[in-house]
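Reviewing the structure listed below.
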Amino acid sequence: MAGSSFGNVFRITTWGESHGKAIGVVVDGCPAGLHLRERDIQIELNKRRPGQSPYCSPRDESDKVEILSGVFEDKTTGTPISLIVYNKDQRSKDYSEMQNIYRPGHADHAFDLKYGFRDHRGGGRSSGRETIGRVAGGAIAKKILASFGVEITTYTKAIGPFAVDMGNFDKEEIYNNPLRMPDSRVVPATEEYLRGLIKDGNSSGGLIECRVDGMPAGIGEPVFDKLDGTLARAVMSIGAVKGVEIGSGFEAAKRTGIENNDFYRMGTGGGIQKVSNHAGGTTGGISDGSPLVLRAAVKPTPSIHKMQHAVDKESGDIDLMIGGRHDPIIVPRAVIVVESMVALTILDLMLLNMGSRMEYLERVYGGPRA
Amino acid sequence: MAGSSFGNVFRITTWGESHGKAIGVVVDGCPAGLHLRERDIQIELNKRRPGQSPYCSPRDESDKVEILSGVFEDKTTGTPISLIVYNKDQRSKDYSEMQNIYRPGHADHAFDLKYGFRDHRGGGRSSGRETIGRVAGGAIAKKILASFGVEITTYTKAIGPFAVDMGNFDKEEIYNNPLRMPDSRVVPATEEYLRGLIKDGNSSGGLIECRVDGMPAGIGEPVFDKLDGTLARAVMSIGAVKGVEIGSGFEAAKRTGIENNDFYRMGTGGGIQKVSNHAGGTTGGISDGSPLVLRAAVKPTPSIHKMQHAVDKESGDIDLMIGGRHDPIIVPRAVIVVESMVALTILDLMLLNMGSRMEYLERVYGGPRA
Amino acid sequence: MAGSSFGNVFRITTWGESHGKAIGVVVDGCPAGLHLRERDIQIELNKRRPGQSPYCSPRDESDKVEILSGVFEDKTTGTPISLIVYNKDQRSKDYSEMQNIYRPGHADHAFDLKYGFRDHRGGGRSSGRETIGRVAGGAIAKKILASFGVEITTYTKAIGPFAVDMGNFDKEEIYNNPLRMPDSRVVPATEEYLRGLIKDGNSSGGLIECRVDGMPAGIGEPVFDKLDGTLARAVMSIGAVKGVEIGSGFEAAKRTGIENNDFYRMGTGGGIQKVSNHAGGTTGGISDGSPLVLRAAVKPTPSIHKMQHAVDKESGDIDLMIGGRHDPIIVPRAVIVVESMVALTILDLMLLNMGSRMEYLERVYGGPRA
Amino acid sequence: MAGSSFGNVFRITTWGESHGKAIGVVVDGCPAGLHLRERDIQIELNKRRPGQSPYCSPRDESDKVEILSGVFEDKTTGTPISLIVYNKDQRSKDYSEMQNIYRPGHADHAFDLKYGFRDHRGGGRSSGRETIGRVAGGAIAKKILASFGVEITTYTKAIGPFAVDMGNFDKEEIYNNPLRMPDSRVVPATEEYLRGLIKDGNSSGGLIECRVDGMPAGIGEPVFDKLDGTLARAVMSIGAVKGVEIGSGFEAAKRTGIENNDFYRMGTGGGIQKVSNHAGGTTGGISDGSPLVLRAAVKPTPSIHKMQHAVDKESGDIDLMIGGRHDPIIVPRAVIVVESMVALTILDLMLLNMGSRMEYLERVYGGPRA
């Protein structure tokens, strides 16, 4: 229980259901003195908003964020920042017909098994709207990270069988197309594929990749709080994610040692550098100064417009055809959510790791006194 | 910091370095009244012991465990159980030549970046010996889980290019061969492959699969403490693991909704059942009554007997050939470690989730009083 | 940092400043299936509302609570319950004159030392309004506890030199007088004393006592998470509390063993009973079946209408006379806050302790399977 | 459960029973680079050792500490430090006669209520020997604090009716007399009092005071993680402590605002100073630059050599006379335990608070990059 918080020192606590009055997040532990306005957060929230392309559900969610506490004269005060987004588009539709039905791929049945009953209007806490709080908290985390030169780039790596060619990688392209792909050449065929799925009432999975440049070295702990594991938990806590890998990831399972080891060489500037980055920026659970690279596997949206075998708690086996319109692909909208979870993880670990050496305590507390 | 503990209610805290006096673990929060003897733990520890096959390093580690506290007349008392294993085979060899060298694929450099210096004898906390504490704690967790009918089966799924054919799956076979593969037919070719790597001074990665039968439904929390994410963190906290997936995992990224959704049907006994299990036993982050299925990608052992580019902190670029003998494959020994982390995760979540319904509180605290 | 949460399994996270838009709390980990409406919470909030007597500041705070999430058809769903109270009486008054002044007894200076600056309008997070979230969360905790027969009684034990005579104890009287004293005979003299302090621009401290009947035995942990210590932290986290004692408390320091030990006798019903209760209901950190008894020392309100030595950050030493009206006594309003913190602590420990015996796990998870 | 750990970033986990093989502690999160040898810890452990005076039980406990991990070439490595003390004086005596008896003032009954049974040899986890781990961990914390000029002075303030006259305060005297009183004039009468109690088979309670000089300002959080509350929990987690107060403490309950407020004046060196210190060094839960002052009330030792009413689980009411020799006063030995818990609390909060301002992050992570 009490599973709605993430982070130890920089901690977000999210709340709200898809069909409740509002959705929100409390960001606790934000350092004092950060310049922060509502628009800093709004810009990031807009990136996850549906209704932006034919590939997202048309529910109109303007998702206007309001800061309720923790900021004074545009600066954070060190006290909790409460953010709220009212649910504007709560259709008055009667959901009672879904009350007893367990939809394939949804958490309806699991919720009933756990709690004995559930809020059957929409997805409840499993709704994609829960991610609003993550993205809002992530916006603040990214603002702090940016001030230390930490830059996170996240994009759709593949949708169904269509994968980005990293040789064509163009960062500027990511938010130029509705699929968040950094390769304009693969976009048209992928869009064609998605249009076919829409017509068929079907949906697609995909792959998201995240790269962190300017990562400070020494972040993460050697044993249970490894940077890798903490990131894996963070990213896997996103509803549709079914797998996470770092660096060479599942490829490493097929490789030999000589293929997978990263050699070292002295850099031109005198620093020590890895010649390759199969480790994906973390060795022994600790950031090693190379860019962090991770990928998340996103399952296809379970809400499809096709006949499926389901169960009605009262009447038993049924054949179910779910109406309405739904996203044929969640991946483009999940890109900013993955980025937010990575940012929240890195910042929290940075704050937790500030006391890892006597030397760092001295920098903050002024060192030995006479 | 303080990253040496795992779990909230059933919590293990491990300590010890490869070349220190001893390795140990404190198991806190174990329910009182469990029958427990040293041999319950020893049996599991023996499964991770090296020196059992040509594919493991020959260091003799009998790893005899001793219970120092928390057990009285063969029953747990509810107080912390301290377990210790003395390091018997600490060779007196001089490690000072490695003091300034950063070995490819090892955490030497990352440790120096984080702490400013390191214990350069062997792997320190990054050594495989740290997993002794995990396996010892996992042995206790599995004993409790077994009493509730939760059974965990873990095995090598693939080594390099050689994968188990699940059509030949034979659970009894797992501990019959040194590779922990549940398919006797693939073992000879895989052994041949490993012998080739040994001769070449090289090593191999591999895949481990874990399946949990009898999993209670309703375990895990809907948002950040999802069963999936908590498992991912647990398994990814093992040194060589670079990727984790649940159910269809990375395959799901390529599928369509109709392919990936699990249909429901009424079971013959009246219960609701999933026809397939692409979800791998968890929906919306909550266990759904189906078997839990996860896979971990293990990178090849970085210690190889081949010439590599490395760096000496003082003299700069060097060509490094590491001597001694090392494991050409870590996968068979990591099988029991993955199983232990899965057991520790499930038990801790079960304990945390005992109060998820008013009904459960009533079962423990006797319900409403007159 | 991240210090705005309380509890592990039943966890509240409070947010909001006295002069911000709103004050709120997120209650996470509430068991599913509890009947809950806004009025359950409103009744408790009304108990801490100022403007109820001449001894409280007249600021009009109707403090109407709104449930934003976590409740569906008047039942808790197991997901986070977000509660909000808008700040209605934010006077537009210019506070800038207080920007550089450090008021005696207030946290102004400490906030500046910690964060580098502060929200100088009112008390910020140190305002009594922060306790709204605690009382709202406590209302839910008490509702659950009540269903298990746990009943908490809290009252003013003393104000300045005037103490309740426990021989006259009358529970019904507590909310009959504005001082929350369970002894109608001491009230008139105490009111007289407070009127004198008001006239003089001065204020008074006092003592609050809390008694918990129907406390389940076995709650609390033997070492660091003792029931006593956890309660002490909870109660001492209330702004004006400077001391906490359990049972005979500070009196015990003057006693001998034979005076302080509680003897045992078999009860008439066959159970084992303590003849006295100097331990205050907890032995070895664990609840022992007797009523829990604790007291909190509350310092006098620092906001007084008298000339005081203070400092202006820019101009140095000043003589300060603070205007406006303030509470001459905070104790009666703090009664419900102490009660809330005790309720939150007990419930959280009850939830954490559900797995302390194998037997309890069996009650929830159905015990050994065939 | 899992209540054997204390601290978040600098965390100790203690284990061991009075009559088990050994007692120990794992110190996790100690910053790397601290010079540390066994004797640094041994010196502090010797301060809690019994058998030093007629007022302590004569059990011979040399309590020799051994460092098992986390230190390399006399420097901490940042990894967990495991410390062990073997129990040398485990008398083979048969304790089975005590198996069913609930001794007044002891935790026997509470343990049985919680766990269903108990280790009936001596006090188990409630034994004073459990504090060995606290003192060992505290020794390391104090060594770090000392390097920042934080100095903790702890002493017996009163025993029964005999109190130290603070006008005679002499720090050097504390460890000169067996009672740990900083006033040599009160010692003879107090010793006389204790000798009388010994003769009578009785015991005494007392008061311990702790003062922290050189406390960094800004430590502690405004709401639930106040410095005061965190200290209260820490000190109240010591077995015999029944009350804690900070600064004017329970006295404040009787005072008026003008008596209790601390005025401010500019110091001669330009800094802002409090003229008095009724707050005891913490305002709004945050350290304010003044010395921290707290007191703990210690109950009389429950083990007395007098006839008492008790209960035998099987035979019912009994009259009990406990044999053997026991401490007539625990206070002098508890002095170092209180000091250790204060040190552990302060250091952990200092580490947790390192990220409270953007400015502090910049000091550690190098600030904005070009």
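Which chain is which? They are A, B, C and D, in the order written, and residues in each are numbered from 1.
One rule holds in what follows: contacts are C-beta pairs under 8 Å (C-beta built on N, C-alpha and C of every residue); 3 or more make two chains touch, one makes a residue touch a chain.
For clarity, every value in this text was computed on a predicted model and none was experimentally measured.
A.B. asks: Keeping to the contact definition above, tell me which chains border both subunit A and subunit D.
C.D. replies: Correct list: B, C.
A.B. asks: Going by the touch criterion at the top, tell me which pair is linked by more C-beta contacts: C-D or A-C.
C.D. replies: Per the contact counts, C-D leads.
A.B. asks: Could you work out which chain's C-alpha centre is the most distant one from the centre of subunit B?
C.D. replies: C
A.B. asks: Measuring from the mean C-alpha position of subunit A to the mean C-alpha position of subunit C, what distance in angstrom results?
C.D. replies: 38
A.B. asks: Roughly how far is subunit C from subunit D, going centre to centre by Cα mean, in whole Å?
C.D. replies: Comparing mean C-alpha positions, subunit D is 26 Å from subunit C.
A.B. asks: Which residue numbers or ranges of subunit A touch two or more of the other chains?
C.D. replies: 1-5, 8-10, 14, 29, 31-33, 78-79, 114-116, 124-125, 222, 351-352, 355-357, 359
A.B. asks: Under the stated contact criterion, what part of subunit C meets subunit D in this complex?
C.D. replies: 1-6, 14, 102, 104-107, 109-111, 113-116, 124-126, 130, 158, 160-161, 197, 202-207, 217-219, 221-226, 228-230, 232-237, 239, 241-266, 272, 275, 278-280, 282-289, 297-304, 306, 308-311, 313, 316-317, 352-353, 355-357, 359
A.B. asks: Please output the residues of subunit D touching subunit B within their complex, sorted ascending.
C.D. replies: On the subunit D side, the touching residues are 1-5, 7-11, 13-17, 20-24, 26, 28-29, 31-33, 66, 68-70, 72, 75, 77-82, 114-119, 121, 124-125, 351.
A.B. asks: Can you check the complex and tell me which residues of subunit C touch subunit B?
C.D. replies: 8-10, 29, 31-34, 78-79, 144, 147-149, 214, 216, 222, 350-352, 354-369
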